[in-house]
Amino acid sequence: MPVEVILPKVDMDMATGRISSWFFEEGATVAQGDVLFEIETDKAAMEIEAPASGVLRNVTGKVGVDIPVGAPVAWIYAAGEAEADAATAVAQATPPAETAKAAASALDAGAQACAASPAAGPSSCTGSPDGAAVRASPLARRLAREAGLDLLSIQGSGPRGRVVEKDVVAAKQGSAVQPEVPVTAAQPATAAAPAISTPVPVTPLAAPASDDQIKRLFAAGSYEEIPHDSMRMTIARRLTEAKQTIPHFYVTVDCELDALLKLRAELNADAPEKDGQPAYKLSVNDMVIKALALALKAVPDANVSWTEGAMLKHKQADVGVAVSIPGGLITPIVRGACGKTLSEISNAMKDLAARAKAKKLKPEEYQGGTTAVSNLGMFGVKDFAAIVNPPHATILAVGAGEPRPVVKAGQLAIATVMSVTLSTDHRAVDGALGAELLRAFKGYIEKPMTMLV
Amino acid sequence: MAAPSLAADTRDTKNLPFLYRHYPREELLGALRRMHLIRKFEEGAEESYMRGLIHGTMHLSIGQEASAVGICLPLTREDQITSTHRGHGHCIAKGAEVKRMFAEFFGKTTGYCGGRGGSMHIADVSTGNLGANGIVGGGIPIAVGAALTAKRLNTGKVVVSFFGDGANNEGAFHEALNMAAVWKLPVVFVCENNKYGMSTSTERSTAVPNIADRAAAYAMPGVIVDGNDLSAVAQASHEAVERARRGEGPSLIECKTYRYRGHSKSDRNRYRTKDEIDEWMANRDPIERYEAELSAFGIATAEELEAVREAVRAEIAAGIDFAKESPAPVVADLADYVYTEQN
Amino acid sequence: MDTAVRELSYSQAIQEAMAIALEADERVILMGEDIGVYGGAFQVTGDLIERFGPERVIDTPISELGGAGVAVGAAVTGLRPIFEFQFSDFATLAMEQIVNQAAKMRYMLGGAVSVPLVMRFPAGSGTGAAAQHSQSLEAWLGHVPGLKVIQPSTPHDVKGMLLAAVADPDPVMIFEHKLLYKMKGPVPEGHYTVPIGKAAIRRDGKDLTIVATSIMVHKALEAAETLAGEGIDIEVVDLRSIRPLDRETIIASVKKTSRLLCVYEGVKTLGIGAEISATIAESEAFDYLDAPIVRLGGSETPIPYNPELEKAAVPQVPDIVAAARDLVSGVR
């Protein structure tokens, strides 16, 4: 029996993934453990190893196409093992009309792979136009078909992610507030929007206007349609969820930066040389990370995560730092930031940011964390409020440090001032607690030497 | 056929063989007609097969006509038989019409089985034939069952079970003969020993020299007759049928005979010599022997014999025409007769 | 019809049915090994020989093939034999007559005859009789057009279905699980029939359909009661007849419950459950399935002697409970 190579789930909430590149070609001999291909998830690239040794065949997993988790992407045959051709026959026997229909549905990566590749592996490709690659019970398929719902848009709760009756019922109830533009069988959504790819489950609680409704507001040809990639869909889903389910509360404070900037300049000037370069170059953000971590240590009740059953009170402060990357953002985490020196934090951040941009982060490097920092100061932003990124209970939005008039001892003076806004999950961190946390943070920022002891 | 009587016959028959003493001239000529019908029917079927008008295969009994006709001579229309895969002769001997047999061979709705049975399952139930059988020995226990019915319902019927030499090595043969004897049933077992079970000779397949010897194991009479001698066959049958009708139980008759054709249409005759076949055809042909006797005993002239042959040729030709012209079954009726239709 | 209803055992119900048939119709005879003064290996014929005599309650030699053939010949020519195989396993010796002759005779002869034959097959495991006396071969015969194959599960049904079989113009094969013989249940007096080819819903439910045969009906009902305590509501369909198959009842039930579990004692592979599953997969009920179809059948082994092994070789109540629970709770 050939060994199935599947698109593995490498991320907690991953429903689909894209292969960014194959390292072996059809027919190549591979050894167990060889890196076969790389998956681009919404957050990172993962290298996937061969599950067995043998000859790689029926490579159906196309590069750059959303593939459901668990779907076969190739097969490894033992040396001398006859290649199964049943699936080939099935694929070739797919009637042209269905092939066209399936191909039109760019949503359905599995069906596309089945129809497009005559060398489809010995999987259960059925050529089914409505989602061969989706695990769904026949009942769920029928209910979805009758309701005009795309199975790919429904998160399955059954075994191995199978969409079952109750998932479709829930999805229907979710979209019940949207009376217009029912998608009928005669006018399938796939045919109406052939190029749109919405592969990642999005289950809107209150559905916004439909795609068609939005598009009708603009003249045809006045815009370019850019398909969502998986990162965009994950951002959309997670932030919608966060903003809709977390009661946000905001606290803003101004911090004077002059002492911090002076200390930073001194420390950077004194940085030892390493390989002809300074061993570190601290940024204001590195010091913000450290200050926030120390503030959480000082106000441990704010270093929490909300769960329905209990409050998780964390023993160390892991600070996520939002890093803008092409097409989106990612939040790598500086773990145990309290215990790290500024130079350690600084160097860690440089490494994480570089690998984030290259999509080389491992899941454990961006999953979890107890708080986050989002800094738009480099864009001259004075102040803004960020969305809490669960499981965090807080996020600190950092504006630009700029000279501002301040009053000191009844006198007008000029100081470098940075406004920060703490967003809290009010279920976990009340207003006063948030204010207490910010006071502690401000203390570290304005007396930066305290961060060094 | 029933209860032959010589009352109207003025011939002096007391020194003639059994057949001529017991049956009137009309019945003797009727027996000749049936022997010819069997042979011409099978020749016509064979020709139709070779012309591609008949599919499947067939097992021809040409050369064995005296056995079929002689055994059936003492039977009434109500008496019953079970037959074999080589059963066209039994069917005709028991009274079936050749035109409906041809129609069955041609797979037509007018055939005895509505085109569902073909050569191997041909039967005219209305003349007491419970069916040819594709399973060697398959009909023997069924005949015993029919005899059980006759005894239980006291119908007075006798049942004849035809089978070949091959069947005498089937378990069903032994089980059936045993039960028929234990229960004293009105059944006559007729083994048409044509020397070969397909290709395997009785010498190579059977431990006893004569199949009739097996009767001893079941405490019933075992009779060996020249199966190509119509009178001898009719006499053996007459005695066994009368015994059965008297409630004295079953008998086993072994008719030693020979089939001229191969086992079936695929037979290449590798297991016997051409000399052997020629010897049987030249010197022991049952129809020639019977016609010679009819002439010798002054029962029919050459012209009268030719008239019988001519009538048979006409009946065969008409039968083939009937079959060709008959309607074929419609596919929609495929499932008819699987179960008894109940309204 | 006003008739008294008593408690009878399954074997008493069979005997009563046979007595009624013998009484009503001179053409009815019983045939089998040791069914006379011995009363049958399972005492099903009992003392019928005393009431109807050895001419009608016929002990056959140990000749299953010949005996079956005699029954076929008798049926074709006007009797209505009820033929008992001492154990259903012994029917293997008679397959020729059952499959080639009884089942096909009417068809081969273009409708010129009928074969009103009833055959009874004591079947199933649980008696410690091991591999050659414990099989469930009903699916073998269920594969043969021309036969009707039934598996009554209650005393009431076995009497009514046996009388229906005697009245039926075609060969009817009755598979009687040996462990049912002593089971008691209400049986009306007198003549009545239970139609061949109609399944019975033994328990209404909405979460899962269990289609079961013979003794497995009772095990399924027991499992359903256990699961009712967990809030799982199971419908139990007693197939009763495997040829003809009551597809309508099964399909309607699965459309209602969206889940199907097949439970039968015959070997699982290529068994009745495969046919039930395929029936649903091919039907409009497919679009109502919310979980995979699951089969519980006999193990892929001969029936062993050791009692623990023997139990393990066929589905038991805990197996049914577990499978049903998994199906309803979404584990499968």
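Per-chain numbering from 1; labels A, B and C assigned in written order.
Basically, contacts are C-beta pairs under 8 Å (C-beta built on N, C-alpha and C of every residue); 3 or more make two chains touch, one makes a residue touch a chain.
Computed from a predicted structure; not experimentally measured.
Counting only chains that touch, the fewest steps needed to get from chain A to chain B is 2. Averaging C-alpha coordinates per chain and comparing to chain C, the farthest chain turns out to be A.
Closest chain to the protein centre (all Cα atoms averaged), using per-chain Cα means: C. With A-C and B-C as the two chain pairs, more C-beta contacts join B-C. Look at where the CA atoms of chain A average out and do the same for chain B: the two points lie 88 Å apart. Distance between chain A and chain C, defined via averaged C-alpha coordinates, is recorded as 59 Å. Chain centres here are Cα means. That of chain B falls 41 Å from that of chain C.
Chain C contributes residues 26-27, 29, 55-56, 60-61, 63, 65-79, 81, 96-97, 100-101, 105-114, 145-146, 148, 169-170 to its touches with chain B in the complex. By the touch rule above, chain A contacts chain C in their complex via residues 137-142, 157-159, 164-165.
Touching chain C in their complex are the following residues of chain B: 80, 82, 111-117, 121, 123, 125-126, 130-131, 133-135, 138, 140-150, 152-153, 171-172, 174-176, 178-179, 182, 336-342. Remark: chain C residues 258, 286-291, 330-332 touch chain A in the complex.
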